[in-house]
Each structure stands twice: as structure tokens, then as C-alpha cells.
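Order of writing sets the chain letters: A, B, C and D. Residues in each chain are counted from 1.
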Amino acid sequence: MSAQHAILAALVLPLVGALGIALAARISANLREAVTLATAAALAVVVWGLLPELMAGERPALRLAEIVPGIEIALRVEPLGMLFAALASGLWIINSIYSIGYMRGNREAKQTRFYIFFAIAIAAAMGIAFAGNLITLFLFYEILTLSTYPLVSHKGDANTVRSARVYLGVLLTTSIGLLLPAIVWTYYVAGTGDFVAGGILAGKIEGPAIGLLLGLFVFGVGKAAIMPMHRWLPAAMVAPTPVSALLHAVAVVKAGVFTIVKIIIYLFGVDFLFAAPSSGWLLYAAAFTIIAASVVALRQQNLKRLLAYSTIAQLSYVVMATAILKPLAEIGAATHMVAHAFGKITLFFAAGAIYVAAKKTELQQLRGIGRRMPWTMTAFTIGALSMIGVPPTGGFVSKWYILAGAFQADNYIAIGTIIASTVLNAAYFLPIVYMAWFSRESTPPQRDHGEAPFSMVLALTVTAALTIALFLFNGPVLELERQLVEGTL
Amino acid sequence: MSVVFSVFMLTLLVITTFAIVRTRHLFVAVVLTGIFSLLIAAIFFLLDAADVALTEAAIGAGIATVLFLGALALTGEHERGGSRNRLLSLAVVAVIASILIYATFDNPRFGDPQAPVHQHVSPWYLDGTREYIDIPNVVTAVLGSFRGYDTLGEVFVVFTAGIGVLFLFSAQPRRRRSSSQPATGPIEGEGLRHYLIPRVVGRMLIPFILLFGLYVQFHGEYGPGGGFQAGAIFAAAVILYALLEGETRALRALPASVLTGLMAGGALLYSAVGVAGMLLGSHFLDYSVLAADPVVGQQIGIVLIEAGVGITVAGVLISVFHAFAARESV
Amino acid sequence: MELLGLYHYWVFAILLMTGFYAVIAKYNLIKKLLGLSIFQSAVFLLYITMGKIEGGTAPILQAYGEGQLFSNPLPQVLILTAIVVGISTMALGLGVVVRIKEEYGTIEEHEIREIDRQ
Amino acid sequence: MIEFNHHLPALQVVVPLLSAPLVMLLRPAGLAWAATTAASVCAFAIAVALTLGVLAGHEYSYQMGNWPAPYGIELGVDAFTALVLLVVTGASTLALLAGRTSVDAEIEQPRQPLFYTAWLLALAGLVGMPVSADAFNIFVFMEISSLASYILISGGADRRALPAVFKYLVMGTIGATCYLIGIGLIYLMTGTLNLADMELRIHEVADKRPTLVAAGFITVGLALKAAVFPLHVWLPNAYTYAPNAVTVFLAACATKVALYLLLRFDFFVFQPNLDGHAVQFAYFLMPLAVLAILVGSGVALFERNLKRLLAYSSVAQIGYILLGASLVSLAGLGAGILHIFNHALAKGALFLAVACLASRCAGVRFEDIAGVAQRMPWTMGAFVLAGLSLIGVPGTAGFISKWYLISAALGEGVIGGLLVAVIVVSSLMAVVYIWRVVETAYFGMDSAAAAGPGESAAGVESATGVESATGVESAAEFESAAKVESAAKVESPAKVESNENTNSSGAIKSIGKVDGAAGAAVPGEAPAMLLAVTWAAALANLYFGLQSYLPVALSSSAAESLLRYVP
């Protein structure tokens, strides 16, 4: 299989899987889930199969269609996209295993619909990862928004519909209202939207217009949840937990920050932007979001909402790291995408497991739960430590690089923000860990429960292990990122 | 002398128009509209537009009046509501009128033979008619051949109107009208059969009207006249018959199926002549290929299409009249 | 002659606007149609006026010798068409009015709007 | 002997025109429908042939009656004409193919031959206008199409169709008469009616008052016909109360033809010759276009009748087209013309979906369609797809025109920035009004389904039936959605499209069966034919969103020829 075929397969496989799921669902639920898992595994094989070639310095590309002269749907594999694709395809397997346990354990309705749109969302994520130019990226970005809408509104009651409306409203509004004009603007001044190492905008645009265009891009990518475009994330908490995991760890928010990193590195070019004074505001916006979201998280009583605000803060880490505009910080940004993905998916899996097993959602209900669900809460602890950035977790690695980049740039605002937010993270995560392990259950639970279904425990154990593995064996990840910033190192 | 007469007629026209708009009695307004049409026809005649004058008289003063009266019989003769936003409307109207009058000051001088209108295309028509078609009435030549495609379109406009009225009136009214017919009206479906004098005079007139129609139809190449006028005159004759003898009898003489056949047939005849031109190796509506001699071909073509026009116009107008007249007795 | 020409055009403008006034200001649908009919007739006058040639005659070739001026046949042809278009529109419009009367029991615009609002 | 291809411009008009009287004589209604559809398909084929010829670089010119222009009437087809012809004949054909059942439901059998005759006349009028190169001939065909449209709209089942028609008739006649006055004044000054000839001769009299007034009258008259804000008041009711098939047909193309004429006159005849006309045109139309966009979208936000909502959206979309044109630049005009095509695609598909809904619901107000997606998943799937195109989501046709429109506006400096803001804001409004419909249909309480079962002793049984039915249906729906996505990625969308059609009709059958099981209490999906055409139209939105060569080539070539006077 040539690399071109592999790229195409990465897009088509999940869609074929979706079709297969629909057909299999008419026969039996077991078959349906078998198809899901098989598709996820096949996708991972295909995507990971691209890795050796990429490591060897190849950049396979594929043109799908030319919409209008000069504007085409084109795919191109590069290190950052590869990282994202590998992450998303790998986590899809784990998430599917988890979903099976969650959906069955929770007796959710319309499970077929759930699996189908999940697969479509993964296909869109692959498209975003491999997009070779802005317009392709935008196309799959919108498909991702639309295909996750049925997932978010899964329950279908009035409250869910209202929240889903916020979700869709914010994402579509920002993408059409800001991102699209930014894209057209880019094409208009640069004549192209291709992602090219070193950027395409240098010399094509100058002065305050740079800052304005950057602003249109950054706030246009609502999925990155830079304040004030973050409202959709807490709203989307109405979704089933596997969906939240998808949104927060695998696809949606990652697609957002990924897009921003890609735009800064491949469109503006790090050096060009570093030299442009009007782009400095991005760092402040990201820093503000980190602190503000952490403070809000501190006040949450609902576990999933707390995790949502934590996500907002962590995403801005990535954006801030990128905005430092130094190679080491870019490596930190990319690593943080991975580290946060592993850590946050673990946390959500744990939250979902608690919900399925104990029907508990509020922080105060978690007293002493560690004794009933030791596996789950161990994983949760590891995830929380990674969020704070304590060794031996992946979060430490990424923070290390970000800090190194900040020192490289003598950027004390970034350094201060990282330190402050680490304290804040500790302040809202550690009490939960403490409560879970060392407090006594205040009231006996309505039913005597143990761990969640096996598949869920398995999934969260694996992701917790990955979080630690990222600390221990981060060689390949860093190698990819080294290639990413090669031109600027 | 003719200048004074023109001014007089034009002024009368304006006065009539104001009266139409002012009166609350719709019957009066409709009759005044008939007078309006006659006046404007006379003005057209003064302006050397004999064909137009004849058409306006036949259609505007004749058919339109009958149709309006037919509609009034179904809807009531008095205008109840007043006017809305009179001042605003008047202001709008005044502004547009002044723009128009402003425009007129740059118009070419009235009757100036050097005006662009008379210099560019129309001299060609006068010569072309002599050369290619060889009939005296240039209007007929232009109408039938040079701009025959417009005339085809026009036949289809009439046809469309016929379809429209038939379609509208094929719907069953949802509620029966509560008010009865005017007390003075004739007995349903009977026409004026109980009124001796109109009946005798009318019946004597009908053959002459038909004869005149035929004359107008086929004399169109030589003098004012042609399919439209003739169709309207035929329709007038049948309508008169229906008024005198009653709907039922008129429909017995010319059943509805025949009328629809006429409507479609005329239009088809016209189109067929056009297609024939195409099939015989020239363009659509090129009549010169209809005979060995192109000039004869043109003449044949014009006679045929004028016949088509007449048939459709008569068919449509009679159908529309019946549709209105029959509506009451449904 | 100059003035007579202008007078023709002014009458055109006045007729046009009188008709237009009836269309926009009157509630009665038949009255609107009458206004519309006047509106259209005014345009006929515009065209025919411009076709007139001083000292000309109706464009019928036979009766006269060479050198005879003829009025412009083209506006006449156009207006023949326009007259027929006008009556067609009127016929259809009247049909609609009659149907409105049957369905609503009135042909006054404001009353119809009232009925629809209920 | 003249070769056949040469006759195409004439045949384009003659085929529907000549078929009309024949259809009138046909009985029963089914035969009339078949003949009308055949004529419409034929006209579409001719339009396709003309388009191919134009793309191959051919310029069509046809002398009616073999009289040379400007003495005879000339027909001409260029890229712009071809684009409009495709839209008109395509809309008619799709609406006819889909509309059989819809027409049966709304118009009594004996009236149908007349109805279909009027349909063909409207079609003939609408194609007759663009192909004609003679100003007065355009008026004649304008009247044919207008009168026929009045007839078609008056066929609406609701009595409010009648006042709507009357309003349309009065405003349409005034518009046409204004146009006639303008033509008369130009004729007065130039002595010609042929557009090309007029263009040659008008500069001699360019500064004369009648010429200026004529330009004004023609612009206003055509703007009335094109429902340019604020002359749009006839449009919402006319579209709302017309029979559903008619709305599909007219909404997709009627105003477009008037816009075509407007652009043709203003760009082809006036702007090269009248001093400052381009600036006047821009200053006059740009504010109107912006207002149309904002007001149209704004009213649509609060509308609760689906058809009227879409009608107001049309007012806004006409604003887009004009906005592009009012930039008086190659890019802007091209974008506007492109939107003529793409909007027709999106709006046609949306109104087709509405026709589907109307065939199974009590009405198309929000109350009537609440929760309807449960029993009509296919219909709503198509609606969502076409709605996305209307919004301008990438991958759909609507995106292409928005892209070009924004690019063109960016070329205009500061004003351009504001225009981009307007376009963006109204796109967001489109998101809102489309999504209101989607939410209502997917998450609302379905009154029909709720009231359906439980009436009789068999209530329980049928209730379970309904449940199983909705289960299967929703599975089917998402299968389709998945395939739509996949269609976006395969190289040969045409092939996918045909597959899709066969697939969808297969699935429809299965749904039909399930319905049978569920009992007659709850009506299920729309008739198969209607649904298939709706999906074809919706997929066309995808196809032209990914392969936009054809409309882009036509529109940019059209813009070039209209703006050829710019050095």
C-alpha cells in the first residue's frame, strides 16, 4: 500500500466503518460493536503505518479535487498532523472499548446512531490532521462540528437540545463569522492556502493587519476555546461521557489547538510572527484564559464541569506555548497536546466509570469512593497529576519544554502564568484525590457498587498507563516534533 | 385645425381619466373606460396609426368593457373603501410625473422626420416590405414577418390569458354568494329573448359583423386590419349572439370543446408555420421557403399566421366571456 | 407643432400617473385594475406619438406614389402587441378578482387583509 | 440546409411553447403531466447542449424569420444566458419529476391539463427572455411568463393564494410597463430595439434626459420583477401560498431571469456608454442589497411558516447576487452570477424538501413539522444538506459563491470589510433560521405520531409498531448521512450520485414496508419519486460544492463579457 493509498484509506475507513455499523446494527448489537472495534483497529494500523515513512523525511501528499481553479481539496502528511492522527486513531480504539461498556452499562438509547456519528467524527479528525491547505482543513473542521452535533444532543431532552444549540451555535458562528473571512483573506493576499514550512504570509501582509488576521484565526477556531469563545465546552457536558472524552481528548478541542498551531507554524511562520509586534496579544489572551478558566474550575461542584474548565485552561497552554514563538516552546505545545489527551481522557473515563457504577456526578459525593473503585481512582489520580505537571507523567514533559521555550524567549509572563496555573491546578485536583482516598463516605450509597464494567476499567487503565509511558518513553514523539520545528531550530 | 382637434381630444382624455379615478360607481367607471378607449383610438388615428386605432377600439372599447361589466355583475358595482395614504400617494405620483415631464424636454421634436426613430430601422421596413413581401400594409408586414416572433409571443400571451381564466374558473367556489343578481337582469341563460326589438336588430347585425370580421381578417394585407382585430370582431359577434339568445344557445352553436380547440388550434397553426420554415431548410418563421417564389411564400405565410392569430384570439375571447357569464349560473 | 408634441408627452405622463395613483391608493380591486389599464394605455400613447411624422400618413404603401412620407410602422406594431398583452392581463386580473369575491365575499383590499388576519 | 445545432436557441423556446397547446388538449391528467415533463426534459437537454457549445467557445446567434438584425428579431446565447437557461430548465424539470403527487394533492384532476399548459408557458416565457436579444421581444416573453406564473400560483389550495396573485399581478404589470416605458424612451432616442445595436448607438445620446430616465425606468421595472428590496413585497406571499411544485420551480428561477435582464441592461447597454452610470448603479443598488440581505434574513429568523421563511431567505439571497453585481468588478459580478446558479440549487432542494413535508403533514408551519424527522428521516436529511448549502458550509455549492463573494468584497478596501461583515452576519442568521427548522423537526413533539396510536383497541400494538419503525428509520437515516460524507471524498461524484439514488430508493421501499406494519395512523416518508428527486437536488449541492468548474467557468466568462468595456 502506497502512502497515498494510506492517506485516502485513513479518510475512507471510518466512513466505511460507519456504513458497516449501520448495516451490522440490523443484525445484532454485538456485530455492530465488533465492526466498530475492527474499523478502529484497521484505522490505527493504517495511520501508524505512515509513521516510518514520515520519520524518514517523506511528506506524502494527495490531491482529491479542485473545487475551483487554485482552490483544491488536498491532503499532505506532515509531523504535526501525523502526531494528531496517530493520537486520534489510537485513542479511538480505547474509546470504543470504553464506549461499549458505558453505553451498555447505562442502557443508552439509539446506540447505533452514536457509533455511526462517532466514526464520521473520526473521519473528519483524520481529514483535519492530514489537510494540506486551509480550505481542506476548514471543510473537515465543519464536518467535525456537524457530525458531533448529534452526539452532543444524544439524549434529546429539552435541556440537552438547548446545550447542543450553544455548542453548534458557538462553533458555527465563530467558524463562519471569523475563520472563513480569515481564510478568504489569506487566499486573497497570499494567493494560496497551502501549509508550507516557514509560512506563506511573510511579506504579504504587514502592520496591524497581521494582528487582526491572527485574531480572526484564533477566535475563529472556536474549538480551541480561547475565552470568550469557550462557552460551548461546558455546554457540551450534557453529552454522554465517551462523547465528552472524544470532544476533550481525542478530536474536537485537539482539532482546535492543532489548527491554531498549524496556522501559526505553516501560514504565518514562527519567525515572521515573532517579528510582528501586533501579534503579541495572543500570548496575553492565552495567559488570561489559563488563569481565568482555572479560577472558574476551582468553584465547580460538578465533576464533568470542572474537567471542562480544566480543558479550557489546558488548551490555552498549547496556544500560549505556540505564541511564545520559540522552537522549544513549539515542541512543548505539541507534546502538551499529547500529554493532555492522555491525561484528560483518563479523567473523563474515570468520571464516566463513576457515573455508570455509582450514578455520582458531584464532587461532594466522591468521598471515599477510592475504596470501592480503586482502579478507577488510581487512574484518576494519575490523570490529575499529569494535569498538574508532576513527574512521572506526560504533563511534566510538556511543561518542561514550554518553560524551556519561555526562558529561551525571556518571556516572564508565560513563566509566571505556568507557575500560577500549576498551583491552581493542584488546588482543584488534589482535594478530589484526597476526598476519594482518605475521606469516609458520608452516607452509604443507594446500592452497593464496585468497579464499572470491565471494558471501561480496561480502557481507563490503558490511558493511565499511556500517561506514564509518555514520561518514560517520549523518544518518537519528540523526534516527530523535532522534524516539525526543524526549519527554525 | 387638426392641432386644435388633437389638443381637444387629449384634454378630454385627461378629464375622462380623472373621472374614472374619482367616481365611486364602478359601472360608471367602466363605461368611462370604454369612452377612454374610444378617445385614445381617435387620437391614434390622428397620429396615423390606423391599425392601432382599430385594435384599441375593438379590444379596449369593446371586449374590455364587456369583460369588466361581466366581472362587475359578479362582484358588485360600488366601491366601498376610500383611498389610503392619499397625500403620500399623490406625492409619489407627482414626483414621478415631474421626472417624466423633465425627460420630455430633451425629446426629439414631435413629428421630426430627422428623429432617430425615423432614421434607423423603420426606413428599412418600408423598403423591405416592397422588396421582400410586396404587400401594401407595412404594419402587417412587420407584424407578420419581420417581427413575426413577437406576434407569435403575443398569440401565446392571449392563449395564456385564456388558459388562466379557464383555470381560475374551473375551481369550485367555496361559498355561494349570498346576494342575488341585480333585479333588472335578464332571466338566466335566456339572454334578451323576451325583448323583441333588441333581438331583431341584433340578429340582423350579427351576419354583418361576421362579414366585417372576415373582411378585416383578410384585408389586413391591404389596409388596416389583421388577425387581432378580426378575432376581436368575431368574438364580438358571438358575444352579441350570446347576449341576445342566451348563454345556452351560444354554447350550443359553439360548444366549449370547439372553443378550446380554437384556442389551441390557432396557436398551433402559427407555430406550425414557423416550424415549417425550419424544416424546409431555413430559419424558424421564415416564410419565403413556403413557395418557390420567396415573395409569394411570404404572402402565404402571412395569411396563414394571421388566420392563426384570428382563430386563437376569437377562441380565447369567447371562452373568457363564457367563463365570466357562466359563472353566475353555476 | 413643438408644443403639441410636448403636450402629447405630458398627457402621457399625466395619464400614467393617474393610473398609478388609482393602483396604489385605491382599496377596490376592480378600481386598481382600471387604474392599471389606464397606466398601460398611457404607454401606448407614448409609443404612437413618437412614431408620427409631420406630413406623413398611415404606412400603407399602395395608395401613394413615391416621395410620400409614412409614419413609423414599428411603434404601431409594438403597440398592437402591447394592447393585446394589456387585455390579456386584464382578463386574468378580473378572473382573480371574481375568485377573490367568491372566497372572501369582498373585493376591498383592507377588508381582505382583515379577514386574513383573523 | 442549416445544421441542427444552429437551431438550438430557437428550439429552446419553441419546444415548450409549442407543447403548451398540445398539453391543453391531452386527457387524462397523467398524460398531460408526462407530456409536460417530456417537453421540459427536452428543453433541459437543449440547454445542456447550448452550454456545452458555449464552453467550447461557440457564440450562438439566430435570426428569427431569417431577417437580419436589427430589423428582425435576434436570439443569442452566451455564457451568462447558458447559465440562466440551465437553471430555468433544470428547475422546471426537477419540479415536474418530483411534483406529480404534490400536484395531484393540490389540484383537482380535471384542472390539471390547464395547469400543466400554464407550466409550459411559464417555462417558455422564462427561457424566451434570456435567449432574446431584442428589447421588445423580451417584454413579450416576460408577459407570457408572468401571466403563466400568476396562473400557477393561483392554483394554491389556500384561498390566500388569490390576494397574493393579485398583488403579484399588479406589481408585475407595473414592473413590466415600466420596462416598456424605458424601452420606448430608448427607442425614441436610438431608433432601435436590438440590444447590441442599442449599445452601439446609445452613446450618441448618452447625455440626453430621456436616456437617463429610460435607464431608471428599466432598472426599476426589472428590479420589481426581480423582487429587489424594497420591491419584494409580492414575493413572500406568492411563494408561500403557491402549490408546492410551483414554489420549487419559481423560487429557483423566476426572479433570477429578471436579475439576468437587469444585469444585462445595466452592464451591457448602459454602463459602457452612460457617464457615471456604473457609480450610480453601485450607489443605488449596494445599500438596497445590504438591506435586502439583513432585512430578509432578519424576518426569516422570526417566521414560523416554513415556506414563508424560505421566501424571505430568497429576498436575502437576491441581495447577495445584487451585492456582487454592485461592486462593478470582475470578481464581484462573477460572484453574483455564480450565486444565481448556486442559490437556485440550494433553494430548489429546500423547497423540494418542503414539498415532501407538505405531502405528509397538515401544513408546513412549525407546529405541523415538529418532530417530523422521526417519521421522515430521509426528507429531513435532504433538508439539512440543502440548508447547509444555503448557509454556505464548505463542501456545498453555497460555499463556493460565498467564497467568491467575500474575495470580491475584500478587493474593495474599507467598504469591502463592512460588506464582508454583512455577508458573515447574514450567513449566521441563515444558520439560525435553518437550525430552528432542524431543531423543530428533530426534537419537537410530533403531534401526528402522538395522536396517531392509542385511538383504538389496536393502539398498543400500533404504538410498538411505531417504535420499531422509527428505530429502523433512524438507522437508515444515518446510513445515508454516512454515505453523503463518503460521496464528498470519492473522485467521481457523478457515479456516486447514481449509486446514491438507487440506494436511497431501495431504502425508501424498506421504510414503506415498515410503515405498512405500523398502520395507517402515522404517515411515513414522502412519495418515493418526490424523495428521490429531492435527494438528487440535495446531492447536486454537494457535487457542485466539490466540482464547481461548470458554474464558475460560465459565471466568470459571463462577467468578462459584461464588463468587457473596462480596459
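Criterion: a contact is a pair of C-beta atoms (placed from the backbone, for glycine too) under 8 Å apart; a residue touches a chain by one contact, two chains touch by 3 or more.
A quick map from chain label to UniProt name: A = Monovalent cation/H+ antiporter subunit D family protein; C = Na+/H+ antiporter subunit C.
Please read these numbers as outputs of a predicted model, since none were measured by experiment.
Participant: Counting hops between chains that touch, how far apart are subunit A and subunit B?
Facilitator: 2
Participant: When the mean CA coordinate of each chain is compared with the mean CA coordinate of the whole protein, which chain is closest?
Facilitator: D
Participant: Weigh A-D against B-C on C-beta contact pairs and write down the one with more.
Facilitator: Result: the pair with more contacts is B-C.
Participant: Farthest from subunit A by Cα centre, which chain is it? Let me know.
Facilitator: B
Participant: For subunit A and subunit D, let me know how many angstrom lie between their CA-based centres, rounded off.
Facilitator: Here subunit A and subunit D have centroids separated by 42 Å.
Participant: Would you mind pulling out the distance in Å between where the CA atoms of subunit A average out and where those of subunit C do?
Facilitator: About 70 Å separates the centre of subunit A from that of subunit C.
Participant: Where the centres are mean C-alpha positions, what is the separation of subunit B from subunit C, in Å?
Facilitator: 12
Participant: With chain centres taken as the means of their Cα atoms, state the distance from subunit B to subunit D in Å.
Facilitator: Roughly 34 Å, centre to centre.
Participant: Which residues belonging to subunit A are in contact with no fewer than two other chains?
Facilitator: none
Participant: Send over the residues of subunit D in touch with two or more other chains.
Facilitator: 136, 140, 143, 147, 150-151, 154, 159, 185, 187-188, 193
Participant: Counting only residues that touch at least 2 other chains, which ones in subunit C make the list?
Facilitator: Within subunit C, the residues that touch at least two other chains are 16, 20, 33, 50, 74-75, 78, 81, 85, 88-89, 92, 96-97, 99, 103, 109.
Participant: All pairs of touching chains, please: list them by chain label.
Facilitator: A-D, B-C, B-D, C-D
Participant: Which residues, counting only subunit B, touch subunit C once they are in their complex?
Facilitator: Residue list for subunit B touching subunit C: 3, 6-7, 10, 13-14, 17-18, 20-21, 26, 29-30, 33, 36-37, 40, 43-44, 47-52, 55-56, 59-60, 63-64, 67-68, 70-72, 74-76, 79-86, 89-90, 92-94, 96-97, 100-101, 104-105, 107-113, 115, 117-118, 121-122, 125-126, 129-130, 136-139, 141-143, 147, 150-151, 153-154, 157-158, 160-162, 164-165, 168-169, 171, 173-175, 177-178, 222-224, 226, 228, 313, 320, 323-324, 327.
Participant: Using the touch rule from the top, collect the residues of subunit D that touch subunit A in their complex.
Facilitator: 388, 391-395, 400, 402-404, 406-407, 410-411, 420, 424-425, 427-428, 431-432, 435, 439, 443, 472, 474-476, 478-479, 481-483, 485-486, 488-489, 491, 545-549, 552
Participant: What residues of subunit A sit close enough to touch subunit D in their complex?
Facilitator: The contact residues of subunit A facing subunit D are 8, 11-12, 15-16, 18-19, 22-23, 25-26, 64-69, 71, 73, 110, 112-113, 116-117, 119-120, 123, 135, 138-139, 142-143, 146-147, 150, 153, 156, 158, 161, 165, 168-169, 172-173, 176-178, 180-181, 184-185, 187-188.
Participant: Report the residues of subunit D in contact with subunit C in the complex, numbered from low to high.
Facilitator: Touch list, subunit D to subunit C: 136, 139-140, 143, 147, 150-151, 154, 159-160, 162-163, 165-166, 169-170, 173-174, 177, 180-181, 184-185, 187-188, 193.
Participant: Can you list the residues on subunit C that touch subunit D in the complex?
Facilitator: So the residues of subunit C in touch with subunit D come to 16, 20, 23, 29, 32-33, 36, 39-40, 43, 46-47, 50, 74-75, 78, 81-82, 85, 88-89, 92-93, 96-97, 99-100, 103-104, 109, 112-113, 116.
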